[in-house]
């Protein structure tokens, strides 16, 4: 063909059309055949093959150690890294909590405690026969001033709150809004009840509400942490 | 052909359904707005355990008298699919689990939504987890448990043990006859005509409304924090009342005979202890700052 | 059930879903180089690439309980990484990119370079020049090129990751390669011209 020297023949166009497939490893005999005849197309082919091997030879880079360190820290803060499942976690079936951060053991005892406190006193004897917690719980009831003095519950709530703060941005906005509104409501009740109890230490109802608010706050935080951020 | 499909392994079954469905529907319809529509019928025993995990969207469950679960699932985007597990694999199912599974890790929000409509045997026990989106249950003799974060939960005519927990959703329970527990933090609770003998409701900032009678020997505990509580009971209601509040008012419009040997009243706050009629049921109402109102239902 | 995969990775995933720290670490080890390389090739900046690597793995690990094995784990991972990277580029104000935006209407026709073979690239493609040229590709071309020619993904996998068609992936790749070739030839031409016009210096060797 007359125009070979400018690489514009029909054969060159066919070469162009087949080239991608050839580079993919598909059978395209016209490509190699034409390259033998046409030096312009041969250059194109050689270039692309060279490019391909150069690309493959680009080194795999390695990130610095800081990357894993940061990832690990975030996973730990968000409670995604867990300790192995413990038997007492069965208590939390109703919360939908299947894995929980360490403070949850304290939470278990306190939920029982809370349910006892909120039940009319005549039922306390009946309720007190739940598991082995009854004896400890009765002692706890006797000693409980208000949860401000109860470091376990407070610590539990603080730990859960820390995890929630780390995790909450990954919740879906509408879900996050619901949780935040609930926590606001609970925090208000905690504040009000704390003031009440401080003013009137003898007010049992206020104390019960305070304990219930902390307990419910812990439940809500635990449920938010277990919520699969879709 | 239907039989062969039903007896296949659960996941294969689901895929077979998809293939069956896809082959029956012209491509154009499926393409519409990425909506996928699936229907399944599963033979079950008389009292299977049905569980459902959805993310967003509406869930409606109704009891019927067939030993069969009929499910309709509508996925509102192509990024979600329905997973079904049936145990045992052969014979009438004893456990059926439905869940909405998201295919793409990048998906969130409305793309996760799916609507369910289930007809289940009336003696089924039910477990529903639906973080957002509404849940509606009607006519069930078995136990039901619902867990949600937002979205309204409405349960009507359930005779088994009912447990409803929500964070921000409103809860409505109509004509329950079994034990009831309903908890929400910011949502309202509304009970209508319960015949249950044990009922507990608690909310922090939501309101509680109880309209109906109290069963003789029944035990009713309602606790609100800052929301108001309203009890509307018939003139014939017979209950012992123990109403307490830290700061909220107590407004009583029914005839309560105060208890003769009442414990010393709290230093502050309000309380009302006494009986209405013959005091057959026990009603305990507590509030922190919300108002408690007891009125006659006409 | 899912098709059989390397048992160890399936186990790792299952353990990670239970919150096992070692499993997360192992998954990170296995995939970190690929993910980081991808981020680095796309951004050309080690600090950004590390941030993006971190972000991608965090997003992945947060959602790991939703992984069910309906696609290869690495495909799932890479789709997430590509998304993280493209979002980042979009935020930086670069060319509008969307995963679906690989439509051919906006592409230039493949330029047929009728240059002579003095400008053959053979043996002269240097890493730095190539890496720089790759960074200059439009993000869509760049992603396909990096995934295919550097990371070794097949077109059907790229189609899944980028949510485009296999045909799209193939044509984008070819255009990316031709573009790179053109730039590298321009570079080479410039180098030769520089050498030829330099006041003093050794003649260019081939």
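Note that the chains are named A, B and C in the order they appear, and that numbering of residues resets to 1 at the start of each chain.
In the analysis below, a residue touches a chain if its C-beta (ideal position, glycine included) is under 8 Å from a C-beta of that chain, and two chains touch if they have at least 3 such contacts.
Predicted model, so just to flag it, every value in this text is computed and none were measured.
Across the two candidate interfaces, A-C and A-B, the one carrying more C-beta contacts is A-C. Nearest to the overall CA centre, using the mean of each chain's CA atoms, is chain A. The chain with its C-alpha centre at the largest distance from the centre of chain B is C.
Measuring from the averaged C-alpha position of chain B to that of chain C gives a distance of 49 Å.
Centre-to-centre spacing of chain A and chain B amounts to 27 Å, using the average Cα coordinate of each chain.
Annotation for chain C: residues 59, 63, 66 touch two or more other chains. For chain B, residues that reach two or more other chains under the stated contact definition are 102.
For chain A, residues touching at least two other chains, in rising order: 230. Taken together, the chain A residues at the contact with chain B in this complex read 94, 96, 118-120, 172-175, 178-179, 181-182, 185-186, 188-189, 192-193, 196, 200, 202-206, 209, 212-213, 216, 220, 223, 227, 230.
Chain A makes touch with chain C in their complex at residues 6-8, 12, 16, 19-20, 23-24, 39-40, 42-44, 46-48, 50-52, 54-64, 66-68, 70-72, 74-75, 78, 80-83, 85, 99, 170, 228-230. By the touch criterion stated above, chain C contacts chain A in their complex at residues 18-21, 24-25, 28, 32-34, 36-37, 40-41, 46, 49-50, 53-54, 57-59, 61-63, 65-66, 110, 112-117, 119-123, 125, 127, 130-131, 134, 145, 149-150, 152, 155, 170-171, 173-174, 177-178, 180-181, 184-185.
Residue ranges on chain B touching chain A, taken from their complex, read 55, 102, 107-109, 112, 129, 131-132, 145, 147, 149-150, 163, 165, 167-168, 185-186, 204-205, 221, 223, 225-226, 242, 244-247, 266-269, 282, 284, 286, 288-289.
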